[in-house]
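Note that the chains take the letters A, B, C and D in the order they are written out, and that residue 1 is the start of every chain.
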Amino acid sequence: MTDLATLNAVPVSTFVAALGGVFEHAPWIAEAAAHRRPFATVTDLFATMRAIAEAAPDGDRLALLAGHPELAGSAARAGAVAPDSLAEQAAAGLDRLSEPEYARFEAMNAAYRERFGFPFIVCVKRHGRASLLDAFARRLAASPEAERASAQAEVFRIAAIRLDALVSGEGPLRTTGRISTHVLDTAAGRPAAGVAVTLHEWVSDERAVLIAGAVTNADGRTDAPLISGRPVPIAAYELRFRIGDHFRKAGPALPEPPFLDIVTLRFGVSDPEGHYHVPLVASPWSYQTYRGS
Amino acid sequence: MTDLATLNAVPVSTFVAALGGVFEHAPWIAEAAAHRRPFATVTDLFATMRAIAEAAPDGDRLALLAGHPELAGSAARAGAVAPDSLAEQAAAGLDRLSEPEYARFEAMNAAYRERFGFPFIVCVKRHGRASLLDAFARRLAASPEAERASAQAEVFRIAAIRLDALVSGEGPLRTTGRISTHVLDTAAGRPAAGVAVTLHEWVSDERAVLIAGAVTNADGRTDAPLISGRPVPIAAYELRFRIGDHFRKAGPALPEPPFLDIVTLRFGVSDPEGHYHVPLVASPWSYQTYRGS
Amino acid sequence: MTDLATLNAVPVSTFVAALGGVFEHAPWIAEAAAHRRPFATVTDLFATMRAIAEAAPDGDRLALLAGHPELAGSAARAGAVAPDSLAEQAAAGLDRLSEPEYARFEAMNAAYRERFGFPFIVCVKRHGRASLLDAFARRLAASPEAERASAQAEVFRIAAIRLDALVSGEGPLRTTGRISTHVLDTAAGRPAAGVAVTLHEWVSDERAVLIAGAVTNADGRTDAPLISGRPVPIAAYELRFRIGDHFRKAGPALPEPPFLDIVTLRFGVSDPEGHYHVPLVASPWSYQTYRGS
Amino acid sequence: MTDLATLNAVPVSTFVAALGGVFEHAPWIAEAAAHRRPFATVTDLFATMRAIAEAAPDGDRLALLAGHPELAGSAARAGAVAPDSLAEQAAAGLDRLSEPEYARFEAMNAAYRERFGFPFIVCVKRHGRASLLDAFARRLAASPEAERASAQAEVFRIAAIRLDALVSGEGPLRTTGRISTHVLDTAAGRPAAGVAVTLHEWVSDERAVLIAGAVTNADGRTDAPLISGRPVPIAAYELRFRIGDHFRKAGPALPEPPFLDIVTLRFGVSDPEGHYHVPLVASPWSYQTYRGS
């Protein structure tokens, strides 16, 4: 990671070498931005790069789209894509597709390219698997004008995340979100410590995969948020709390099985840059949750 | 079903023919009870039959246990058990065991009989599958005195349910429980009608099976309880509410996916004769539940 | 109370004697309605009387307003008004005004009559004291056309309540509302019995008066609703629960003073014919309420 | 305020001048403590002063009690007491007593002194008015041994608060508590900003006095806790939220009066050094609160 102040001072070539990969195969954007230094904030830097891209001739803007790698495509598999894209696709599990899934993606990619003349581009870090498939299908049916705009918007989202990971300094970009929780015992009137919590993502209507786990501390919270420092993928999630174990230790004898043993809070994230605080406020016989601040 | 008043009046043989199957292969209990008529309430009738059984010589009481069919055993499979037992075991899915499961049950039955001298007896209607397996394992390790008592207690539970299904009248037995729910929309301040609700039983730590489904009426309730008229099997359950569909229709535009789409309420039932009212009190961004009355 | 079927059959004079007071000093409405018998439901009977009044010549309709007694006016004090009106004004405490208050009402009555040519008419049973004063002030500033309509609407509301009290039968009028509650102990997982509950009405921003009191039964409810069988006056109310006394008895030692001792639920009623079920769902350290069904 | 490091270094006389008033009319404790420097933490310093007092001869310990000023007594009124005590009594409104109240306090003081031989000593900052009167009456009836201990314990509580106000540094004393809140709108799924909140103390069963007020910020919280930096007096409190104003602005048309207009949360504080976070989580038709962390 480089400091903005440093980037403001280095030679153009160093600047371009540092930020050339922010826009896939399009270092001319970084080149043009280098000549508009200095930047007061990272946000300004990004806004400038974005404006440069938006003001470019149509052919260059189209090339920005056409040069983007296929989603989970042969190119990605073969390693012939820029390192950032490979990392992003891996995060969505798109590097671990089964043969049928892979064939499906290839077919969708081909259909999309056929229809629009450029690859399907999406900021995969902002989508869970189900959301990704939904978006692909939905956008495949959109008009060419709409897709030019959608694809370009996605290129900017990808670029913003990459830039945020490369440059530190004043006025950072808002590219990360958070999922956090806390557990409160309303029978005892205090936080519930030592409760095992797991976070799962519903990757399809029938299957949920484990994302993170933690045990609540003395304040009833987890030492770190369950997701933070990255966009929260658009998806349905589920928090599972082994609250029965807590009540077995904490209070008067409860029946077996207890009314509340494993409590599940299922919720949807639509805003990858949002903060989702989803607490569990519980007694052995009741609980509540809400989207908190 | 026969009326208590009628049973009080019929000849002994008719009485015995009607109630002889209440205790497996032991019509002598009904025979003795016939001579203690009339009974003011069904509860009195049962109490008398129970007292007759408890006061019988040890050999007769042991025979009451020995004569009980194996749980999912060859006898049950072959249809060579009294009709009530077959029906009860079917309810717990014990007539649909796979070969490995069947072999396991046979082995456990043999081990139990070997240890205690009578079959493993449990009122299967009061247990979900997981609870049944737990009970089997737990009781296999108990002392002979404890098991004489447990087995006899189960015989009485089975008998109570059978009697309750055979005789109507004053002072009925409390042998049935209930699971019910209602849905309240706290953003609108009124019941949520038209919400699809399903009830599932966790038959193992990983698998939940659909038990019942309904759609809430204008009062936010289901026309009938989700379980009623029978004991509620001891198990972990899950109510699933498609509350997202309700909020999509009911109010201002919400994001996709919505914060609340499918809400799951997972709870344990430990009292088969209990009333479990588990409501969902929800806004698009919060919900609560509690064991209600 | 007379049965609708009976009223359908009696001579016209008997009918008029029974229902002549439904519209203040205007028995011609009952007279005309008598000739349109029989009525299938009480609702039909009222609809007919209403239609007769609405279709009458303007002079008659104005007389219907002019003949109505002053609110808490000299006439009412002197007892020179129809018995129903006196009873209605007493219910709102308007027969117990202090001299300054009385003088104020007289002044407002005079101003209203001066402006509109008929007395201020309002169905007092549907308003708490604060709401009544608000309505008086608000309507005093309305246009003559609006007030002709408002006053007539109030005459019909008053008539509906009187008819509902006089005639029983199929298809009753909806003229009554309800305030009810129940108390649930979420630490114990069952209803809280024996809890003292009082209902108060805020008659001004600083003063609340006791309306009703009860103790919860074994089901956590009060044997009868706190208000029922009459319209619930438009007002701000407050339920007070001595829940601290319950938790002192029910569970583990709590500090003094306890976190929850007297819990107050303050809520507004805008619909006198509505059902307001306002429960208290509480543990020693938390509680919730909502408008329930 | 002086830094602990500084106090550790100054001459004994300076140390005594700074801390001599921590124990009323007993600078010998500070004198003895000066000779046990240096202290690593403020807590150690206090513990040492306390140990010195506890180890003193009975006569000195009794003098520590006897030298303490009367509660709201003539001495206090006449200003003949050490400045800290005057400030403390003013905080509890004991300097604004009416004549009858004053006479009552004088009588109770006299009765107490008569019975026990020293004045009634209580850390008034830790008690609301009602709690103070309760404590006075309760302790008046206690045994002499119990009161020697209670009075001495109160002297130490008073001393701890005074020392905490005089000395800053490592390992501070825990002598302050907090009352805070936040408001969450569960219909909109975000904090409720701009809500007027007031905190009141119930000084008697019928009268509540305003303690603090604030308006919630963008995060639904008040910029500072409603009480902080001092012990929270043992009392019953009430938070009042003008939530109706918020919902009128925020959402779809609601009836008048709204179901929720002014919401009151009444709760008790038993631990003056505790943190009482009492949030309001509300929709227009429901709300919850709990003792949070």
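Criterion: a residue touches a chain if its C-beta (ideal position, glycine included) is under 8 Å from a C-beta of that chain, and two chains touch if they have at least 3 such contacts.
In this text, all values refer to a predicted model and were calculated from it rather than measured experimentally.
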Query raised in the report: Stepping chain to touching chain, what's the minimum from subunit B to subunit D?
Result: 1
Query raised in the report: How would the subunit A/subunit D interface be labelled, same or different, where same requires over half of its residue numbers to be shared?
Result: same
Query - Interface with more contacting C-beta pairs, comparing B-C to A-B - result: A-B
Query raised in the report: Just how far, in Å, is the C-alpha centre of subunit C from the one of subunit A?
Result: 57
Query raised in the report: CA centre of subunit A versus CA centre of subunit B: separation in Å?
Result: 46
Query raised in the report: Out of subunit C, which residues touch more than one other chain, so two or more?
Result: 186, 189-190, 259, 281, 285-286, 288, 290-291
Report summary line: subunit D partner, complex, touching residues on subunit A are 182, 184, 186, 189-191, 219-220, 281, 288, 290-293
Query raised in the report: Can you list the residues on subunit B that touch subunit A in the complex?
Result: 131, 234-236, 238, 244, 255-264, 266-271, 285-291
Query raised in the report: Residues of subunit B touching subunit D in their complex?
Result: 186-190, 251-252, 259, 281, 283-286, 288
